[in-house]
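These are the structures, in structure tokens.
The same subunit A turns up in both complexes below, where it pairs with subunit B and then with subunit C.
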Partner chain A sequence: MFNYTFQWRQAFRALPEMLDGALVTLQIAVLSMLIGMTFAVILAVARNSASRWLRAPATAWVEVARNTPALFQIYMAHFGLGSFGIYLSPFAALLAGIAFNNAGYLSETFRGALRAIPDTQIRAGRSLGMGQAQAFRLIVMPQMLRISFLPTMNQTVWAILMTSLGVTVGMNTDLAGVTQDLNARSFRTFEFFALAAVIYYVIAKAVMLASRLAAWRMFRY
Partner chain B sequence: MFDTSLTLNDVWFMLKGAGVTLAVTAFAVTGGTVLGLLFGVIRSQVRPWITLPLIFVLDIFRSVPLLIQLILANALQAIAGFQISPFVTSCIVLALYTSAYCTEIVRGAIEAVPKVTRRAARSLGMTWGQDMTQIVFPMALRVGLPSWIGLTLGVMKDSALILWLGLIELLRASQILVTRLQEPMFILLVAGAIYFALSFPIARFGAHLERRWQEND
Partner chain C sequence: MTFYRFPAGLLAAALVAGPVQADKLDDIISSGTLRCAVVLDFPPMGSRDANNEPVGFDVDYCNDLAAALGVEAEIVETPFPDRIPALVSGRADIGVASTSDTLERAKTVGFSIPYFAFTNVVLTREDAGISDFDALEGRTVGSVAGTYEAIALEADVDEWGDGSFRPYQSQADVFLALSQGQIDATIVTSTVASSIIESGKFEGLTIAGEAPYDVDYVGLITLRNEYGLLNYLDLFVNQQVRTGRYAELYEKWVNDTAPDLVIEKVYR
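And then the complex of A and B:
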């Protein structure tokens, strides 16, 4: 059945190159999370606002992000924008696609967290003389981020796994892209991708563990 | 944007791609749900340290990118000389991927049934099987079904990745049309609209179920 010799040494020799790719993967994931979280807060607030003109576009963003594949969103950024003469590099398209996706999912998380914070707290803040923005920044935001900390970290792991989609738009510097490059040169598909899978697994587990430890340390009181 | 050279034939081509997407999703979710029910019951009934290997293997399916899983499975079946078509490989990988998430849903739903309820059932003389099918299953279904609907939609969206194995599903079909017609925005919007039309109503239905069932609790 196995008429094949596995060449693991070749894969291990490429390990430094792949670890460099893993750094790029982490970089994209962290950037996409930061951008995504920023937009997610805006979207969550907009969806709770009384004005329909704020609610409608925010709802549209969230529903499109949640009801179409992440790969489709990356394709939109990479190929779709070409119709308007905007040509994004694979890096930018991947980042834009994942950030768009993250914003959609995170805004739902944040919206749920916002509901858990009683209105009376904002009113208490306002009656202490805080402005609307001040009350949101000093009272609501910290609690919202605290409630949604673990779901946000889950989304971070998702973002890390999603970065592997970059290879479909020609990304060749992240972990999946580097692996695909190595594979194209040697056709040792199984060995290289198995090693990449192990690296992804270790990163995902490390982020999960770190976030659990951080949550335990931060939310003791 | 409205004077497009997209013909009815091309739209039919995309719909056939959507058919492949739906077929893969149907096979994967069916297989994954059966496995997920099995593993979920095992995980909720058997002591954790016995099921440790199962937990570890299922965790791998959730911690490694699906694209890498597909590539690995396809390479492995080529190495082993199984001669399985990419379609079947995709279905198997997606089914295992689904089962990993479904196991968690099933376990969570079973554990949401209060212990006292189950003890009451057993003390009324019900067997373990009767307790599982007549007490636990109906109660767990309410907890688990909304998440299961979400999982099904997630698998449908993730099934776009099978294009890497050369299968012409919805997204790949639209990519082929983009290459030919050079109208990326319009064609991708059509593809997105098809995905949205498949996913959105079911997602709303799932949210509706969740809300309705919470009210009665």
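And then the complex of A and C:
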């Protein structure tokens, strides 16, 4: 059935190139998480706010981010904005697309975490003389991040895997881009893709293990 | 009982062993269908007409080959990067997909003798201020990932050390990026360039001279070990030229005189 002889030597020779690509992949994933988390906090607060003018745009963002494919979001960041004369490089478009997606998902995670923290804590903080923002920042937010730590790391893994969609907007420096490039030159599709899959797996697994370890150390009561 | 079972087993083994020795050419003839991997966003080689039916030089070529084999042709739409997976996974029997016959690729797949030859040109926007190939240095350029011209252009951009190269997944994305201004120019085969300008789908595109690349000879592809089929493909390409069908198809799709498929001073 599978009429193909695997040539691993050729693939392993390209390993350094692929590992460089993996670094770019990690870089995009980490940046997209930082940007995504920042916006997610803002979105979560906006969606809980009493003002309709804050709630509506935040809800729209979350709806689009969670209910359309990430591929579409990245494509829009590149070709969609491009048709309005706003040019994002493949790197920027990929980063923007994933950060947008992360923000949508994380804001729901954060909103759930906020629900788990009793309102009385804000009032307690206020009665100690803190401002509203100060109470949120010093009392609520640390708890929110703690409750949502593992789901957040889950999203990080998701972000790492989503970076592979960059090839659709001409990204050629991340792991998927480098792999596609090597594939085009040699037609050794299966070797390079298998190797890339292993690298993605190892990265994702390492992130998950590290977060478990960190959670175990940080959250002991 | 054992006495009867033995010859029955032998008979069964013979029946099973027969088809195992059949090669791809036998399989195609006995199945009655030739499945060709064709790229359908690469006019005039392959595209879809108003009724969404596959048309183009490669489509006609596949139909001719099927007719010669006495079987039905089936067009399997295949993007450029997926040509090899399509062959290896058995979704297609051969690729009629403008595949450049590089030595690197020949390590993986089997090529027929060239069935078509491309020259490459610089396609740019009128407002980009690019008049020839040398003006590409330092600019953002792009092409379809995995094509002959993309590999050559990326190597040039690396050598210039200035500007950048973007590989897109389809020809349509390259034209979109070019017309939007995401990239300033692309290198494409002259046939594709004139076809897209003629179609009027994207305004302001213009050809700015030839690219200084070797003539891009492309072959039919199939699995590397299918010598019976490869032998047949070679003869088929030869016959297409001999009977004038190649010139006829070239005239039909490219509207020009067909270039020679002969490389001078060397065999094959």
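Just so we're on the same page, the second predicted complex is superposed on the first by the 218 of 221 C-alpha atoms of A that agree within 3 Å, B and C clash if a C-alpha of one lies under 4 Å from a C-alpha of the other, contacts with A are read in each partner's own complex, and residues count from 1 in each chain.
FYI, contacts are C-beta pairs under 8 Å (C-beta built on N, C-alpha and C of every residue); 3 or more make two chains touch, one makes a residue touch a chain.
Values in this document were obtained by computation on a predicted structure and should not be read as measured data.
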item: Which of subunit B and subunit C A:Gly170 touches, first, second, both or neither; value: second
item: Partner chain(s) touched by A:Pro69 [first = subunit B, second = subunit C, both, neither]; value: first
item: Which of subunit B and subunit C A:Tyr4 touches, first, second, both or neither; value: both
item: Subunit B versus subunit C as contact partner of A:Ser83, first or second or both or neither; value: both
item: Partner chain in contact with A:Asp181 - subunit B first, subunit C second, else both or neither; value: second
item: Which of subunit B and subunit C A:Thr189 touches, first, second, both or neither; value: both
item: First (subunit B), second (subunit C), both or neither touched by A:Tyr201; value: first
item: Superposed model, subunit A: greater residue contact from subunit B or subunit C; value: B
item: Shared subunit A contacts, counted only where both subunit B and subunit C touch the same residue; value: 1-4, 79, 82-83, 167-168, 189-190
item: Subunit A partner contacts - residues on subunit C that touch it in the complex; value: 80-81, 83-85, 88-90, 104-105, 107-109, 142, 145-147, 150-151, 154, 164-169, 173, 176-177, 180-182, 223, 225
item: Interface residues, subunit A side, partner subunit C - complex; value: 1-4, 7, 10, 78-79, 82-83, 85, 87, 89-90, 167-170, 172, 177, 180-181, 183-190
item: Residues on subunit B engaged by subunit A in the complex (per definition of touch); value: 1, 60, 63-69, 71-72, 75-76, 79-81, 153, 157-158, 160-161, 163-164, 171, 175, 178, 183-186, 188-189, 191-192, 195-196, 199-200, 203
item: Touching residues (chain side subunit A, partner subunit B) in the complex; value: 1-4, 63-64, 66-72, 75-76, 79-84, 157, 161-162, 164-165, 167-168, 176, 189-190, 193-194, 196-197, 200-201, 204-205
